[in-house]
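Each of the two complexes below includes subunit A, the first together with subunit B, the second together with subunit C.
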Partner chain A sequence: MDITSDTHSQHISKQFNHELEELKTHLMAMGGLVEKQVQDAIEALLEGDSRLAERVRDNDQAVNDMQLKIDEEATRVLARRQPAASDLRLVLAVIRATSDLERIGDEASKIARNALALVEAGRNARGFVEVRHISEHVRRMVRDALTAFARFDIELAVKVAQEDDTVDSEYTTAMRSLMTFMMEDPRSISSILSVMWILRALERIGDHADNLAEYVIYLVKGLDVRHTASDKLDDQVGKHKS
Partner chain B sequence: MSATLPSRVTSASAAVTDFASTASCFEIEGLCLAYDGKQALRNLTLRIPRQRVTAFIGPSGCGKSTLLRVLNRLHDLNEDVSRQGRVSLEGQDIHAPQVDVAELRRRVGMVFQTPNPFPMSIYDNVAFGVRLQGIKRKRVLDEIVEWALDSAALWDEVKDRLHGSAWALSGGQQQRLVIARTLAVQPDVLLLDEPASALDPISTLKIEELIRSLKSRLTLVLVTHNMQQAARVSDYTAFLQDGELVEYAATDNLFTNPRLRRTENYITGRMS
Partner chain C sequence: MDITSDTHSQHISKQFNHELEELKTHLMAMGGLVEKQVQDAIEALLEGDSRLAERVRDNDQAVNDMQLKIDEEATRVLARRQPAASDLRLVLAVIRATSDLERIGDEASKIARNALALVEAGRNARGFVEVRHISEHVRRMVRDALTAFARFDIELAVKVAQEDDTVDSEYTTAMRSLMTFMMEDPRSISSILSVMWILRALERIGDHADNLAEYVIYLVKGLDVRHTASDKLDDQVGKHKS
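Entry: the complex of A and B
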C-alpha cells in the first residue's frame, strides 16, 4: 500500500502523531542545514572566501549533534511505540537518512578544508569549471532528495537516483582531464590534488543523495531498492503500484 | 502408547517457507456463520498451513474467536447457529455426519484466555484426558505425564510436587499446565484463544516460547488482541474485520508492508 505525507498523522494516539511529525520535521531541519553546508562550501571554494570556508568547517559539529538527537528520538519511538508497517518504515528511513546526511556534512567540510588550502596556496587552480558543473548537479540532487522525502514523492526520488549515474560519469571525465593537467604541469600537482579531493567529495555527496532517494522509495512503497541498478528502478517501482 | 510418543521437542524450525509449498492443515471454503440471525463470519476462504503458527487478529467482534471455535466445532454447542461452507482438516470435512466430535476435539485441542485447570492434582490434570481414553497403567501414565509436562516446558518447575493441587500454581504455570493437559492426548492442532492475555510479561514470553517450540510437530492457531504477540510468534497472520477476511499474508510482510489500507490502519493504530 502506497502512503502519503499525511499518513503519519492519522493515529488514534495524537501523541504518536506528534512524535512522528517531530521526527520528520527534525530530519528536514537537518537536511536544510546540510544543504546549506554544501552550498556554502562550494561558494567558498569558487569565490575563494576563506571565512565562509571556516564557517562551514566549524558548522559540521552542529550537523553531528542533529544526527545524535534525531537518532535518539527514533530509538525512543521504537522502544515506546513498537511501530509497524509504514510507521516502522518511516522510523527506519529516518535513521538511515540521518547517517547519509551526516556524511554529506562531512564531505561539505572536506570541500571547505580543501578550499582553505587552495586559498592559502594563492593560485587559481585548474578544474574549477568541472567543479562548478558537477556541484550544480549534486546540489540539485540533494535538494530534490530532501523534497522527495518531505513530499513522499516517488517520481522525484527515482529521478534523483537516475541523476547519480550522470554525476558518476562526469566525475570520471573530470578526473581524467585533471590527470592530464598534472602531467602537463607538475608544479600544479598539489593544488590539482585539492581539486580532485573536492570532486571526490562531490561525487560522494551524489551517492548519499541517491541513498536518500532510495529510502523515500522504501518508505512509500515498502520496496528496498538499495541494490537495484538505476535503469531498472522505474520498472521495479512501477511493478509495485497499488 | 509410549512408543508412539514423538521425541522431545528440541528446537523450533523457525524459517517460514513459501506459503504455497506448505501443506495444508485446515482448508476453509466459503465459510459463513450466523448466531441468532446475526452474521458473524462472511464467506471466509483460507487455508491454514501445517506445522506453522497462524494468527488471527482484528478488533473485538470481528469474528476471530468464532472462526477459531469452528475449527473444533465448539460452535455446535450453541443452538442458534447456522453455518454454510466447508471446513476440512487434512482433507476431511469436519462437519460430515460420520465425524466423531469427541475425536475431532482430541485432534484439535483448545486453550482459552483464562487458565482452567481442574480442581485436582497437577498429575491428575495431565492424566485426565489420557485416562478417558482408557489408559490406566501407571507406568504408561507416568511416562505420558512427564512427556506432556516437559513438552509444555513445565516439568522442571513441578516435578517435585506432581501430586500437589494445580490451583497452587501461578497463572502462567496454570496456563502451561492446561497446554500440557491438551498435549497429553496428542493432538495435531492446538487452538489458542488469547492464551497469554491474563498473564504477566514473563509468563507471556514463556507461553510464546512454548508456541514456537511446539510447531515442529503441531499446527498452531492463535487468536490475539496483542499485535506485537502475533508479530513475534506467528508465521502467517490473518486480519479479520466485521466477519470478513481482509488480508492474509506472511507475518513478515503483513507487519512491514501490508497490501491494504484497512490492514495498515488497524495494525498501526489509525482511525479507519
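Entry: the complex of A and C
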C-alpha cells in the first residue's frame, strides 16, 4: 500500500469536503440575507416606513452579488473535483437554490417598491391583515426550507411543499376579497392594486420555498419531485426511503 | 504512440460530442414546445377559443416532463463525462435554460387559464390591443433567444437582453391605461384584472427570454452577465471578445 498517495488522497478528500461545506455555508448566508429582505419589506409596508423600504430595494444588489459568487464557486467545484453521486447532487442543488433565493430577493424588492408607492399615496389600504397573515406563513416556509437544506431533513422539506397549497388557497381568498373592495370603492383601485402585487409577490415566494424544499428531497433521495403533486409527496418519498 | 488507446479516446470524445449535441437538440425541442404554448395561449385569448385554452393548460405537463428528462440527461453527462471549460458551461447553461423554459410554460398556462375566465365572462375586455402587441414582442424575444442558443450567437443574445427593457416599458404603459379603464368602469374590474394577469405573465416571459440570452453569453464567453444592466452589456461583452 502506497502510504504517501493514500495520505495525499485523504488530503484531497478532506479539502473537497471542506469545499462542499463552504458551499453550503455560503448558501445559508445568502438564505439569511434573503429572509431578512422579506421580513424588512413586510415591516416597511405594515409600518409605513419608507426608509426601510428604500433600504430593501437597494440591498437587492447584494443578493444578486451573492448568487454570482456562489454559482462561480459551485462551477469551480464541478470543474476541479468532478463530483459524482450525492456530491454532484449537492452542487447542482446549490446552483438551483441560488436561483430561487435570488428570485425571492426580487420579490422582496417588488414588495418594497409597492410599499413605497402606498406610503406616498398616504392611504392605509385594505388587505393589510391578509398580507400580514400570508407573509408570516410564507416566511416560515422559507425558513423551514433553508433549515431542511442545512440538515438534509426530508420530513421538514415535505412539510414545506405541502404548506404551499395552503398559501395558494389563502392567496386566492385574499385576492377575491380585495377585488370586492375595489368594486365597492373605485377610488381605492390604485392602492388595492399595489396590495394585490404584494400578495402576488408573497405567493411567488411560497412557490420558491416549495422549490427549495424539492431540491432537498432531490439531494437526499436522488429523486426529482419538482412536478409531483404535494399530496403524493409522502408516497413518493416513502417508496424511496433509504 | 498507442494506436488502440488513441482510437479509444477518439471514440469516447466522439460519443461525448454526440451527447452534448443531443442535449442541445432536446433543449431546442423543449423550446419549440414552449413557444407553441405561448402562441396558442395568446390565440386562445384573442379568438375566445376555450378549447384551445384548455389544451394549453393540459399540455403544461408535457413541458414539465421534458424539463425532468433533459435535467436527468444533463446530470448524467456531468457524472459520466466530467466535462470542463466550455463543455461544462454548456451543460450548466442547459440546466439553467430548462428551468426558464419550464417557467415560460407555466406563464403560458396562466394566460390560458385567464383566457378561459374571460371567455366564460363573455366580455371582450379592454387591453387586447396591448396584449397582442406585447405578446408579439415577447414571442420574438423567446424565438431569438433560442436561436442565439442554438447558434452560439452572442450578438443576437445581446439584442434580446436589450429588448427586455422595451417590453418592460410597454408593460408599464399598458398597465397604467388598464387601471384608468377600471376606474372609469368599475363593472369591468374583474375582466380587466384577468387582462392584467395576462400582461404580467407576458412581462415575465420577457424576463425569462432575457435570462436565456444571458446563458448564451455565459456559455460562449464564460461571462456571467445575469445582473449586468442591459445598456452595459455591449461594453462587457466587447471587453471579453475572444
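As a working rule, the second predicted complex is superposed on the first by the 230 of 242 C-alpha atoms of A that agree within 3 Å, B and C clash if a C-alpha of one lies under 4 Å from a C-alpha of the other, contacts with A are read in each partner's own complex, and residues count from 1 in each chain.
We adopt the following convention: contacts are C-beta pairs under 8 Å (C-beta built on N, C-alpha and C of every residue); 3 or more make two chains touch, one makes a residue touch a chain.
Since the model is a prediction, treat every value here as computed from it, not as a measurement.
In the superposed model, A:79 lies in contact with subunit C only, and not with subunit B. Of the two partner chains placed by the overlay, only subunit B lies in contact with A:12; subunit C stays clear of it.
By the touch criterion defined above, A:179 lies against subunit C but remains apart from subunit B after alignment on the C-alpha atoms of chain A. Once the two complexes are laid over each other on the shared chain, residue contacts for A:88 go to subunit B and to subunit C alike. After overlaying the two complexes on the shared chain, residue contacts for A:46 are found with neither subunit B nor subunit C. Look at A:129: by the touch rule set out above, it reaches neither subunit B nor subunit C.
Comparing subunit C and subunit B on the residues of subunit A they touch gives the larger count to C. The residues of subunit A shared by its contacts with subunit B and with subunit C are 82, 84-85, 88-89.
Interface residues of subunit C, counted against subunit A in their complex, comprise 61, 64-65, 67-68, 71-72, 75, 78-79, 82, 84-85, 88-89, 92, 95-96, 99, 179, 182-183, 186-187, 189-190, 193, 200, 224, 226-227. Contacts from subunit A toward subunit B in the complex involve residues 1, 3, 10-13, 16, 82-89, 221-222, 242. Subunit B contributes residues 227-228, 231, 255-261, 263-265, 267-271 to its touches with subunit A in the complex.
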